[in-house]
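First chain written, first letter: the chains are A, B and C, and each begins at residue 1.
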Amino acid sequence: MAPILEIQNLYKNYGSLEILKDINVSIDSGDFLVLVGPSGCGKSTLLNCIAGLEPISGGKLSIGGQDMTNVSPKDRNIAMVFQSYALYPTMSVAKNITFGMKVRGVDQSTQEAKLAQVAQQLQIEPLLGRRPGQLSGGQRQRVAMGRALVRDPKLFLFDEPLSNLDAKLRVEMRTEIKALHQNLAASMVYVTHDQIEAMTLATKIVVMKGGEIQQIGTSAEIYNRPANLFVADFMGSPAMNLIPAKARSNDDGTYIEILRKDGEPIVLTDQVNRDLPSDVIHGVKHKTLDRRAASPLHRVTCSSR
Amino acid sequence: MADLVISPARGQSQAVRLLLRWSLYAALGFFVVIYLMPLFVMVTTSLKSLEEIRTGDLVALPREVTFDAWLTAWSGACTGIKCEGVQPYFWNSVLIAVPGVAISTLIGAINGYVVAQWRFRGANIIFALMLFGCFIPFQVVLLPMARVLGIMGIAGTIQGLIFVHVVYGLGFTTLFFRNYYVTIPVELTKAAKVDGAGFFRIFWSIFLPLSLPIIVVTVIWQFTQIWNDFLFGVSFSQAGTQPVTVALNNIVNSTTGVKEYNVDMAAAIIAAFPTLLVYVVAGKYFIRGLTAGSVKG
Amino acid sequence: MTKWLEDHLPKLMLAPSFVAVLVFVYGFIAWTAWVSLTRSRLLPKYEIEGLIQYERLFASPRWDTALNNLYIFGTLFIVIAMALGLLMAILLDQNIRTEGAIRTIYLYPMALSMIVTGTAWKWILNPGLGLEAMVKGWGFERFSFDWIVDPDMAIYTVVIAALWQSSGFVMALFLAGLRSVDGEIIKAAQVDGIPTWRIYTAIIIPSMAPIFLSAFIVLAHLAIKSFDLVIALTGGGPGFATDLPATYMYAMAFSRGDIGQAASSAMVMMAVVFAIVVPYLYSELRPQKDG
């Protein structure tokens, strides 16, 4: 089966400024892809490119096996939930949800049936007559989800949808989005700067920085085997401890030595089975530290630079 | 809002406090009198007979109220050779202002919508160029405009004046709408695009319903500008197409016959009436337009 | 094709206005600039002859009067309007119960046409029947207030009428400015026991610098463009005593049939506006540093 979303060698420039460099990602039907990275890493721009809201400067993009590189947003068979929810302020909740169908000329009875179904699914029936201005943050969030759900798209796009909610509501909505994903078996692309959100929701994570992909993998892969220092430092809470160290070799193999200001260097007993430069960064996850044991149970070592 | 009141230092007596308060009101009242005086003089003079004006006091109330001057001003006063009062010119102004306001507001709304919500490369430069157009002294375009209106075949016509007012009103109407629409998150447009709506659908269904306040501000601003215009009116009109401001000036400065100050005043009030009415009815929006037109919004 | 149209529709919608501005603002300025360098009289000529029109302009006593008047009128108008506006704004900022009504009265002249304002003041300042006659009628036989017919003083009557028309607007600008000052700073100062007048001079007024600038720009702009008020109030007279560059330009263009002079005087006006407005627009349009 063709991947539901396939991005090949995507570039995005504003004038001479490169925002996205050589992006290659693909996801299968039912995947929950999370784009995560610090602000300004290009993750939202990438999402806008997928939606067709930003033209791309180079590369190819296909959704559901169809080339969508130059197709307008309305013909991409997508739905999107925005950070500010972007509800139409002068329309009632019901009109907000049915606006897309109305524009597309869907007949009245289908509109009503779908509205009823979505409203029931999200438990927003009592809100249908209200204006967005009369809703709380959480309610707006639900309406925005409803507007996306009612489209029944091939691909859902989420642009930091939970960042405007308070902490408690955020956890609730996270669970709900997760459940929604499982119930609908829908494909989703989700942008966030919150790595906990990324870890808990994703079936596949893309870590980005400076417009480039740093690593693609499952939560476990990213967590346990970060591809570089940036990923190691950015993902995981609390962050991994990163300690400068020396790699030394003897006849038995390579081992790691942590220098100390005063006293003998700490020599780690585990051998490393690959070649390392002499200057390395030794990463230790707090979870892997066992108070009973003198040495870490598990560790990741990254080559420096 | 700061709750700040000029008050004497602590320890001063109630009497001093009261005195200060009274002088404050006296000062404010003094300015009120100054500002109202010309309007008062205009109204009273227009209700007096010429005889009473010659013998009486500027600020005295009319001994005998007569509406003769109003009648003359409306339909009999001489603007040069013709003596039809300001009536035909009043309607000229209406014929110029109504389409002029409607067209420039509509175009400004679309322009503002494009500049604020459909940003493309160069849009800001275009906006800056248009904005600068608001500030030029119009003397610099009078000569070529007179020729171009001639070439277009609309020199000296009402259409010609509408055209001029639309062209030179665009900068401000675009500015008003742009500054209003720029406060609306671009995500709204994006959401509507994903929903399948196009350029006009988004404008019509989402932005226009949001725009009532700024439409009112723009309409009032443009109406005041066009109604009160004199420079374009006197430069680009001919005998039958002059706006009311030009007619008023002609009546006041006509050298034929006796000077009828009461008629001048009545004509001035008639010419001022529409904009004064707008100000009284929708002063809040008028002020908002003034401040938005001078400080950036 | 539809996709192309869809992508370019916003640009297409803006294009007519853009073209109109290019032609009717920038094109026309260029035309006027060009003609100002020719020997055009009744009809425009297009052979460039250099700066002769500007030489004629600055040799003309009438233009000299106009520039001098602009200087007197502009300075007095701007300075007094700002002072009056600020004074009225501060007075109105003292929890006045009838503030709304008073504000409405201070501002209504702004809704009037300059022609109406000029007509009204022309009548009031009429020495035979207006203010002067009124005060004389009260028994002050020696009272004299005939500035409007006095070539040396007539320009000041223009200042008076212009102030009446516009100072309320400056008041509104300043009042908005006073109200936008952070209330907590003022409360902090009050807690510190700083007297009210010091709060105004040391905290509030300095923080309103951008508003002073805006008011200055608007007033300067009004002053340079002033045309209708002079026409209605004095007609540029007595003689040419109250001519301003705008009335000079108009006279040259439409009654004297001297297009070259009209064009060169318009360009000088343009240059003055340019010198004031461009730095302002530049600073306003520049991407804002923190807010």
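Side notes on the structure shown:
As a working rule, a contact is a pair of C-beta atoms (placed from the backbone, for glycine too) under 8 Å apart; a residue touches a chain by one contact, two chains touch by 3 or more.
What you are looking at is a predicted structure, and each value in this text was computed from that prediction instead of being measured.
Chain pair with the highest count of contacting C-beta pairs: B-C. Comparing mean CA positions across the assembly, the chain most remote from chain B is A.
Note: centroid distance chain B to chain C, computed from Cα atoms, is 15 Å. As a whole-number value, the distance joining the C-alpha centres of chain A and chain B reads 54 Å.
Of all residues in chain B, those touching 2 or more other chains are 198, listed in ascending order. Each of the following residues of chain C touches two or more other chains: 6. Counting only residues that touch two or more partner chains, chain A has 72.
The touching residues of chain B, counted against chain A in their complex, run 121, 185, 187-188, 190-198, 201, 205-206, 209-210. Put simply, chain A touches chain B in their complex at residues 15, 48, 51-53, 72-74, 78-80, 82-84, 86-91, 99-100, 103-104, 147, 151. Chain C contributes residues 3, 6-7 to its touches with chain A in the complex.
Here chain A touches chain C in the complex through residues 55, 70-72, going by the rule given at the top.
Taken together, the chain B residues at the contact with chain C in this complex read 1-7, 9, 24-25, 27-28, 31-32, 34-39, 41-42, 45, 53-54, 57-59, 107, 110-111, 114-115, 118, 120, 123-124, 126, 128-133, 135-145, 147-148, 167-168, 170-171, 174, 198-199, 224, 227-231, 234-235, 245, 248-249, 252-253, 261, 264-265, 267-269, 271-272, 275-276, 278-280, 283, 286-287, 290-291, 294-296.
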